[in-house]
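Below you will find the structure I want to go over with you.
Chain nomenclature is as follows: A, B, C and D, assigned in order of appearance, with residue numbering initiated at 1 for each chain independently.
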């Protein structure tokens, strides 16, 4: 089920550095992108579409629209519904084309500058871009651009794309855009807007998803199909890896889509974590129902790690489909042994340790009557640092469980990500630091089981992982990275910059 | 499952009167109460406890604490986590005793005055009170009090209790409190705080719930056990109908609980809607697991209204346990055919009708792959106006369902409430205005079924409804009101007042 | 000249207790009142009128209007222009009658409850009241009222008046109002609003001012004539001491004014500080031009304390007219040797002592070229604690003055006030603690002079002070209090209360 | 006297285009700059210094500090005291160097991007710059830079300087800065900050002022000496036209100032409007006391335009010194016939015409007793559109003046400005459109007089204006522009850009 990922921190004191993983150590997607071309309601539909992609990023959101004369650009920290739900959106952001972005981002004062879409007033006109993914040579690119006189206004890797376009001497915007893409490496699903076109682009192996939709003659680009459903649009097709689509209005007034493949064609290798955790279960990604895949992960998990038990309990919400599959395969009853509290909102900050220990209950509570005296199989989608799992286990134990068997519907996570997923440091990844038995003891469970890599591929409908040409980007489980990692190999992270700590406030 | 009840309105224009039921026509509980006596962390535990009762009211919240010298009083519009999550709460609200309230309330500028706890500086000292329920003679009482020189500062029925206490000439605070209770009629679970005691009280037939808990020597009062679980407190017992508990610190420093029954003892008659919809599924109410009862409602519903189908789909989240029970009883697979979007936040306001029609999707989306070509049984906890149900049915239909059979896990709602539940006017209650077949047509479903009243009682563990001495307050389904309705019979509603439209702002 | 009295504190640290007198130790008036009866623009005119009375209180403001069916009540912390300047005021606060209040008040969380007008829903209908002044038996009254069951919602002495009216059994509102006035002692100028009348009242000896005006058939009540000028209204007359005016609409639609004198007639004794400091110089008070009186104070001051000098410099803005009079009388040039910075706004908080010492310059700066090498006479309206004077003297000294002669256009302040003026404790009043020579040394001036009491009376147009029947309330200078001081004599201050520390917030 | 320039608009309706000149048609300076190098309190002193320059711009403010490792950058809309008065400023903005800016700017959503200091992360390190003045070839420069791949993030002309520096290939920062200055034309006083130096620069003819100060070993740059006084700093000297000062820390730890003159030396020609209106009267500009000059303007005005009268009345505050000079010269008494209301704050918006007509009284009120029956000479510093003057005249007339003689202490304003002063369009400049007699009739005064241009020069201490080499920039009166006007001659204004309408909000 779609996961609520409001961060929940119990800090030691106000102002102290927050361990953002303390109470929710799931991997975090960094972005969702959306665009509409050819609708009178472009900005409102974009707002709704972004709301449908809210699970892909909750810390910032932005929309750019164009009304034939003027671009309109709004960016905020917070949820789409907090900023783009007003009846004045059509007036604030007029025009028949609009693109938007929803973002997960690290905390800190500099964030608003990095909220997308980014916009630049280029020699050939205004250009806005929204990016899901992460470039693996951004630091290197930035250094070269600054040496040549470019001024960066953000610390975002995405701004490299804009600066490269600004520098290009090609005669047409699309050519400049393609030239820029030739310089970048890594993962990207891009949606861009100019005065007369919307552009979509996906990296050569299609790490991040991007789909094309249609609604009443307007064309839509979106990270996931659930955003098309949100606005009642028809799913047309996925954008292919390495494909650039240029959406314009023809002379007859019709909206047309042109497809370009400026790079050598390569085998697709979409990120498998989209299926494991990120995408909404009602999305269809690369032709596959996410919900069905997750249930199959649960079935396969039961085959691989079945155990005698009285009840199968999901860790809500992300463990729900796998738990249903596990229960169906094992014949053990599925029960809501953990209840989710939907009112989370903000961070509760508590100085006292004994009260901080209550933190897990802000979001989850044990349903005692279901658990008391039972042998419980807890099914989660993944285990990252193990900290949240440990607290949930403890809560279930206190509610009277006789045995607790923890099952992860994905393989052990051992390797870092460079393609737009935020995860704890490798030194904190439980499976990178411990044996299975050490993990079991640390989590204080009676047994612990993970889905195998081949089991995961099997749930995806593949016979097995093709070791020579893996069907998916799966480095978190395998350490096999599908692109060069220039910055990482140079010992540089993507965030170093002299940009100042910035506080700005337009409110009176 | 606990329901998120953020209101979701698609208005015709900013400023237009909002139909608050348009996109979420569930009944709404008006309050949750909580109190702690005898803990160094009284205000923080109260904040956490109120967070655990957030499903009982999301529009306002307040806490009063007392530190032996001074009362501290904070009240806000909004969620508990928005106002009481800061690390400064122990400093803002010191003391070893605290009570709190979370409130559902109608929109409008006057609301803050009505947010509880209410406080008064009485002749015998400061007195704070939080109330869940509604008095049925409040208008009459208010008239009499004002004639005798009382000045009301709120339009809340609860203030009558305060004013009655203020007028009492009895020598002790508890006696004044009891004297006040003798004058009021209706439903109440009260938690009050004075300089040296915390008081809990429940109306003579126990319409609204109230439980007693304990944690590290401190005593807790709470509307539901899930709030005790939230803070790791032990459930002691339910407060009995007509019981008044007085919690004080004895000379030896121990916290003691004295029980009083100042009214003639009557048979309990708790509100059955707490089980059907309001309480969190992990709460145990009057000794019954809410989750189990809801599953049994689903089982019984399947027995009474079973139908050939391919898939059982809950309307999330409140329909989930009943759908699980329905599926188990019928043997038809349970599937998440509707996905809940947890990021709702604020109201989306949209002028255009075609975009307003997308409103239902802000919160729910169809999981196409589960539904396409299937005969679907949709299970909801109740049907009120039918407007939301109709939209969900339409969305499921558009997702390709072959047949849709709608089932309500409670009987038809036909009568208004006067005990603290906010429901649409009787003229808008679908079951009060239409026959079953008319409703079926209006909802555009292939079949429609409701749980019977006796079926509901059976799920509650009773053989059947005892028509002479009904075991529960169930007037919404039966029209049988358990108390006099003085104000209603006088043709007066509980909200008429000359109190002005008030806007106040302490922000600089 | 009209004084800006934004408080200016240099605190030792955020959160530390602020010495509110540190950088501005002038006495502070506690209120201005204003009302309009019989105009379509009642609330807007009230907002403008309050803006014209802003110098009488800057910390809170409120307006109540009545539109024939409903009262509208808005109260805020902050300036009138921050809250009542919007074009939506006529819509927010409709009606043909309105009253308002602007308030100076001590800092702290409880303030909003005390912001006026206060409102109550009484047995005879809604009643709003705004009060300038202070009652000297409020604590005693409050105790008696609470013992009899009244619930106070504020710590304001003004609420006693409301509670007394609520308790009255007289048949008509005006009679109830008069009955209440019989119970109170102290200083008051009151403006009240009911459903069909506006009432004005002034205490028996007229300590605080109140005037009647007229504009296009509507009647106006205001603390000062400058507020009439603000809205282009005609000054009709002063309300007399002990007079109650009842303004209603006659059957023919005309607005009429009835005058009542329910108390034995007494000799007027208006507060002389209104002339010395509080009133705007363009106001005409009790038939006297404030500006002219202040210039005469300066002239008389020159006669009494003249000295050889090169330049007369006012401490802006309140010392300006007296300095002009001093210069004219002495023949020494008048120069702007101190420049006022009008951009003050908020408190600058600075931890370091050397930077705190710059605090005086936030508001005043020396005009070096005027001062360097000169013998300077500094003229201020009054000297209270002397702290600000000392800093200004030091600044003038650093700017190169050869001699500094400080002159106060009012006599030494030695006694506390109980009639609505906020002043430092007697222990901090310089003239109450030191001889003239001690003060001169402490202030580090070459000479120091004060206007004599008879000189002050002479500037007021009197021959001299009539010791048996003083023409003005002048206790600050003489210790002669014109009313009983019940609470003070009982050893009680006007602010003790069990009312909790309250934080409220209507913002989401 | 220092003028409060809060804008005061009576709009026809909320949202309607505001005529920002309606109630205050004075010219508006666009900026003040300030910097500190070598003090532990750099950011706090900068905040205080900016407060002392608040009269030069009230709509935005910003500070950049550097602590040896990191730049800190804060920018806001609003007053310095609203954003930089907190005790946390030293912690928010640590470091021993800081620069700041206070800005007047046109309304609109895009403003925050243009608030200075601007900052860029350049190849040689971070670079912040604050600018007072306006470039006359900014549009042309911007076009060329964008063609070559620069991305502008603001619409500010100042960003051209940053972009030029970024493009420079010179080896050292100062050389790059000088290279950039060679490309720009117009008026500028610049303060810049890098990791190890603070730079000050003034345009070749010194149109805008800039002074150097010293305090406890730290060096200060400021637009005016009053800002030095604000922080108790010693005035060292004015920066010379065409001078660049580079302030660094020498190896021995001392702060040193190096002076460069990279341009051919030219005769100084400072803007005369700084003396007429902009500067604070306590500032000493180019060695001249502003207060003395303004009094001399009044004396000279009396000589040139004297008239039989009873009273000389200044239009406060900017007309005060000239009125004092006029009175002294003419022997007619000086009186405060118009009282200023200092509580302005925000815009009052009033739909009704009759209430809008009261607008002038929000800020000024007639002191009746001074005016009634008198022949009044009203002295103002300048007359721009005449709208405010007309309202003041009308108010004075209604207060009973027998005759009104209006005098402007500067010559008629007939020509637009391109150097950083915001003035109404030429078509609205009264003196550009009417003869003296037409103006007199339009203003409804009995006589009207302006200071002559030579009279103005005489007050400045010059014999007369040197027509071949004018001593001051005085185009507003003479039409004689001291620099080329490239953009203007190309028919382009300085604000055209494709930058979108931007709304950003970092608040949650």
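The rule is short, and it goes like this: a residue touches a chain if its C-beta (ideal position, glycine included) is under 8 Å from a C-beta of that chain, and two chains touch if they have at least 3 such contacts.
As the structure is a prediction and not an experimental result, all values here were calculated from the model.
Within the contact network of the assembly, the step distance from subunit A to subunit C comes to 2.
Of all residue numbers that take part in the contact between subunit A and subunit B, over half occur on both sides, making this a same-residue interface. Inter-chain centre distance (subunit B to subunit C, centres taken as mean C-alpha positions): 49 Å. Mean C-alpha position of subunit B lies 60 Å from that of subunit D. Each chain gets one centre point, the mean of its Cα atoms, and the points for subunit C and subunit D are 36 Å apart.
Across the assembly, subunit D contributes no residue in contact with two or more other chains. Contact between chains, as defined at the top, is found for A-B, A-D, B-C, C-D.
In the complex of the two chains, the subunit D residues touching subunit A come out as 64, 70-78, 83, 92, 109, 111-112, 115, 119-123, 125-126, 128, 146-147, 149-153, 162-163, 166-168, 497-508. Residue ranges on subunit D touching subunit C, taken from their complex, read 1-4, 11, 13-14, 41, 44-45, 47-48, 51-52, 54-55, 58, 79-82, 85-88, 90, 226, 229-232, 280-282, 284, 289, 291-292, 317, 320-321, 324, 334, 336, 339-352, 355, 358, 361-362, 365-370.
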